[in-house]
Amino acid sequence: MTDSYVGTREPRIDGLDKVSGAAEFVDDLDFGPDLLHAAVVESPHAHARILDIDASAAEAIPGVVRVVTGRDFPYTFGLYMKDRYVFAQDRVRFVGEQVAAVIARDPKIARRAAAAVNVTYEELPAVLDPKPARADGSPLVHPDLGDYPHVPWFFPHGGTNVAHWRKTRKGDVDAGFAAADVVLEDTYTVPRYAHCAIEPHVVVAKQNQAGRLTVWTASQSPYIQRDLFAEALQPLGLSHQDIRVITPYVGGGFGGKAGVTMEIIGAALATAVKGHAVKLRWTREQEFYNTYQRQGLRARLKVGATKDGTITALEHELLWDAGAYVEYGANVVNAAGLSATGPYRIPNVSIDSLCIYTNLPPGGPYRGFGYSEFHFGLESHMTRLADELGIDPVEFRRINAIREGDELPYGASMNPSGLREAIDQTAAAINWGEEEQSADPHVRVGKGFALFWKAPAMPPNASSASFLKFNEDGSVNVAVSGMEIGQGYLTAMAQIAAEVLSVPPSKIRVETPDTDRTPYEWQTVASHITWSCGNAVHAAAVEARERIFDVVHSARGYEDGSLYLEDEKVKCDTDPDFALPLRDFVITGLEMEDGTWRGGPIVGSGNFMPEFTSAHSDPETSQGGHPNVHYTVGAAGVVLEIDVETGKMKVRKAVLAVDVGKAINPAMVEGQITGGILQGLATVLYEDMRFDESGRLLNPNFTDYKIPTSLDTPAEVIPIIIEVPQPDGPFGARGVGEHTMIPAAPMVANAVADATGLRITSMPITAEKVALSLLEAV
Amino acid sequence: MRHEITFTLNGESRPIDVEPNDVLLDVLRTKLGVKSPKIGCERGDCGSCTVLLDGESVRSCLVLAVEVDGHDITTVEGIEHDGLTAVQEMLIEQSSFQCGFCAPGIVLAAVELIENNPQPTAADVREAISGNLCRCTGYEPIVEAVVAAVRTPPTSGGSA
Amino acid sequence: MAIVHDFKYVRPERLEEAVSALVAGGPRARVLAGGTDVVPWLRDDVITPDLLVDIKAIPDLDRITAVDGRLEIGALVTFSDLIASDVIHELAPMLVEMSHHVASIGVRNRATIVGNLCSAVPSLDAGPALLVYDAQIHMAGEHGTRTLPLDEWFVGPKSTKLAPAEIATGVTLALPPVAHAAAFAKLSRYSGEDLAQANLATLATADHDYRVAYGAVAPKPFRAAAIEALLAGRPLDGDIVAAARSLVPDAISPITDIRASAEYRTHMCGVMLERTLRAAASRLASDGPPYPSHLI
């Protein structure tokens, strides 16, 4: 047999582009001297009524082409709920919200003119905390909530700030707690976080003289963008066929470039200056406060267990600070509300996950999609509960770890998984149970352990498609519309096609999307793309292979069932001498004895949609549906050094074992682990978003929002890949992108407790917090 | 008040008119069409805009274009004219980068390091690239590739 | 984000011309050296000068010279120059340790130590490091040159005694005449680039003279006179170090901001005092941590 291309460490097919400077990102594309530049006028208030916008001074500045406001674009949009505006209409709902925009000949003029737009506001009382926002009599962020269109699996409470309330009920929690020997209850808080992709959001849009609107975006979601642009701009006569979204390389996403945020402004502005391309690039500050943020969480958790370590009941109330618009973020709340048990078999469950509007920047998708947030409390709690029971925390997890076929919180059954292997291998890798010391008298060493799980959160019919074609030299183009956001997607798709076609990945081009030229993909989110789009590519490759066999059969007579591909050749079981190079016929076809030809250009197409999922369920219990396709699970552990005088922490070793079903490319999986652990560690050790009492973000920059540098990495990272195949995944693969940051925060909290006895229930766990808590405890 | 300046860009003398308030990064990208220095934070925090000024890495977002009159600027497009440096080869071979937005800056930081210290340790590499933020990789795959490149130059590679 | 404000730019090749340009430019003229503070301030409209006088073409300002127990550092010497300087490594290696704590290489290649003094942000790392060497700062202006002790130079946050139309041309360090060693520590939120939440330089001499200078825990960097007086003439032992630590809360006046609380800064100023004193003393005895080290 030929070399296998799946499961190998193929070098990235985009490596040369990126290392040589050839890779073009949106801001690198040239649009010629006619390119216009936009700057946005922003709200200085968290909540205010707009009384007047006077743009006359701005319009008088030479070089200003247009000033537009909400009056020009009175449209709403949103992925799951239409609560967001192209520009603020009668009111602003967070500091930094776009109120107007200036389009000018150059960026300096645009910026100067934006400062000259005079907006008169009447300040309104703002709600900055979800707890008071939920109380009766709170000011309403969206008085019209009850009228907003939304997906059928959301349950907004009109006349309140509760934009969605996901309830999951299983068994009888009261009976479960009554049967428990130990019941532990506490509250955990998680602040807001920023994605911090190094490339800021940028959009260039042009509606040409013929009316066609092309939008170049730094996005994870070209098709969702086209869909939402078409929907929002439909009053201007635009539909899907009039809009083209092109997404070149993206400089990091992490969920921040999913859906639509500032790109809608660019699309709208282009319609105001027909015939000209207009560019809007977010500054780093805007990147922090006007895209999406990871939502804040206050989680009250109660878990009971019997003396033998069996969990009997779990009650979890999740109160989310979802921000001013929840069109995407409410689905984070929904996802957490379905799965906030973690990867445990628990007979009695009650989860309430509440999406609360506040006058802070919009929440939204962030790598982990709610799971990182609730795992902090959950996995802290599991270690505490084990300690109270006198059971080793790892053993406690072994006892309760979910297994294939177990009933999920909402009733469907659990997919195959290697959770127990992950637990065992992680525990071994950190020498769990063995105390470690430091030569430094100030330093204590602690160990922490955590499990994790996550399912993709998607509409039940989220789907993928792929086209594939051969070229004269036997090379292949695969057309797909997932995004290469760094995870290695293009390479993985090339490997899947390579495996089916026996063509090496180096001869397979997979390019970034263009909605006119590459087929449908829902979005590159939810860690579903290798699984979902991988299935579509696999199907396209299989179809092309069948076409190849058809041609050889019709031209050479070999039976279809006897043919196979190896080393870029068609071969035959029954004729060892037959070896027909693909390049000899994949375009030209095969010549017959009479001089006629058979075949022609080989192409294939494939699509994939999970046909077993359903969002229909009882709103009071979530029972009855099948909202999630599968869970990826795993375990992680840390060996942490803590200077008990300074509070400073250093990760001596971080281990993460994840069951990816099948690692299409182990090097890429390890890349996800190494990168994801550091991003997760940063949320617990360094980062958080700070707002003042008027709702203004205090640290919208890398000077004070501290993302790790190369000097802040663990001394050692041990990635462990477990492979228990996913039956419906390409070669058994399931997703891994988000999962690697989920366990980082609780494993650190558990390690701090192990080393010092200090249990910290609020993130982040900074050196300052540790040092001051230890001083207080003395 | 426009200034006529001339500087060497990737080995070629480039005369150009600039305003005093034009920033080098913007001039490179929009007036000279050199796109590898990226706009990441525009306040010197992220390193995406790194270029070599007379062989030393600088943040081109913190340099006015007029300041480089008579000087030498190198971007990743200009570090090697006959293919790739050994460091670039190894970064490709080991698939060290993910989204790649930080890659041009990190490659230049590595080039500067190796110029000053031909056999850097992993700690040296971490120090050298510590001003270049990367959100994807966790850095270590990059550090390992740079160290590997100077230890065992790949057969196909050029000079470091 | 483009710089919107318009200004003129000149790059004189002689100090006198630079001073003349500043005089002619009036109060809205400003000196440009490394630009690592000036350019972001221009972008954010923190400063809106009419004229920038770039002093980088003036010869001799980039020199590091040792003469008669003094160390002279010119206005164009960058933090990278300090790290690369054999003279600094030999005579004042604590400046290497301090420089390693400043930003990262791409900034250090451009940012000057004198520019750091001119910016005079309370968190500046150069302040405490130079104060323990009784540094003097030199200025050139319309009416000639003058020199000020560094502890008189700082007026408050971002404010110095530099007069309009004056250029800070360099600093001079007075090296103690007896054997000595020093240490620098910086409280930051992680190991990577950060602005100091507190910083501290200590210097110990063979005759048990101790110098202690804090930064970022008062409107300007300062020498902690009471702590120095307590320590003076005594070998370091546990009791004396504990006594010195007890003086820290009264010596400093830290604020609470998003970078750190006053409480943590105060606690850490004590920890840093102990660790830098011990490092300096052990370096003096030639068994201390190498320069540069991260002492906290």
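Which chain is which? They are A, B and C, in the order written, and residues in each are numbered from 1.
By our rule, contacts are C-beta pairs under 8 Å (C-beta built on N, C-alpha and C of every residue); 3 or more make two chains touch, one makes a residue touch a chain.
Bear in mind that the values here come from a model prediction, so they are computed numbers and not experimental data.
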Take each protein chain as a node, join two nodes whenever their chains touch, and name the resulting shape: line, ring, star, complete or other.
-> complete
Between A-B and A-C, the pair joined by more C-beta contacts | A-B
Which chain has its C-alpha centre farthest away from the C-alpha centre of chain A?
-> C
The distance between the C-alpha centres of chain A and chain B, rounded to whole Å, is 30
Between the Cα centroids of chain A and chain C the separation in whole angstrom comes to 44
Would you pick out the residues of chain C that each touch at least 2 other chains?
-> 1-4, 104, 192-193
Which residues belonging to chain A are in contact with no fewer than two other chains?
-> 108, 283, 703, 708-711
Flagged in chain B as touching 2+ other chains are 21, 42-43, 45, 127, 130-132
Would you pull the chain C residues touching chain A in the complex into a rising list?
-> 1-4, 104, 189-195, 258-261, 263-264, 267-268, 271, 296
Across the complex, what residues on chain A touch chain B?
-> 9, 11-12, 14-21, 23-25, 27-28, 30, 108, 195-200, 249-254, 281, 283-284, 484-488, 491, 667-668, 671, 674-679, 701-703, 707-711, 713, 717
Within the complex, chain A is touched by chain B residues 21, 29, 33, 35-36, 38-43, 45-46, 48, 75-77, 84, 88, 91-95, 97-104, 107, 125-127, 129-143
Touching chain C in the complex: which residues of chain B?
-> 1, 3, 19-23, 26, 42-45, 47, 50, 53, 56-59, 61-64, 66-67, 69, 109, 112, 127-128, 130-132
Tell me, which parts of chain C touch chain B in their complex?
-> 1-9, 11, 32, 35-36, 39-40, 42-43, 52, 54, 56, 80, 103-107, 109-110, 192-193
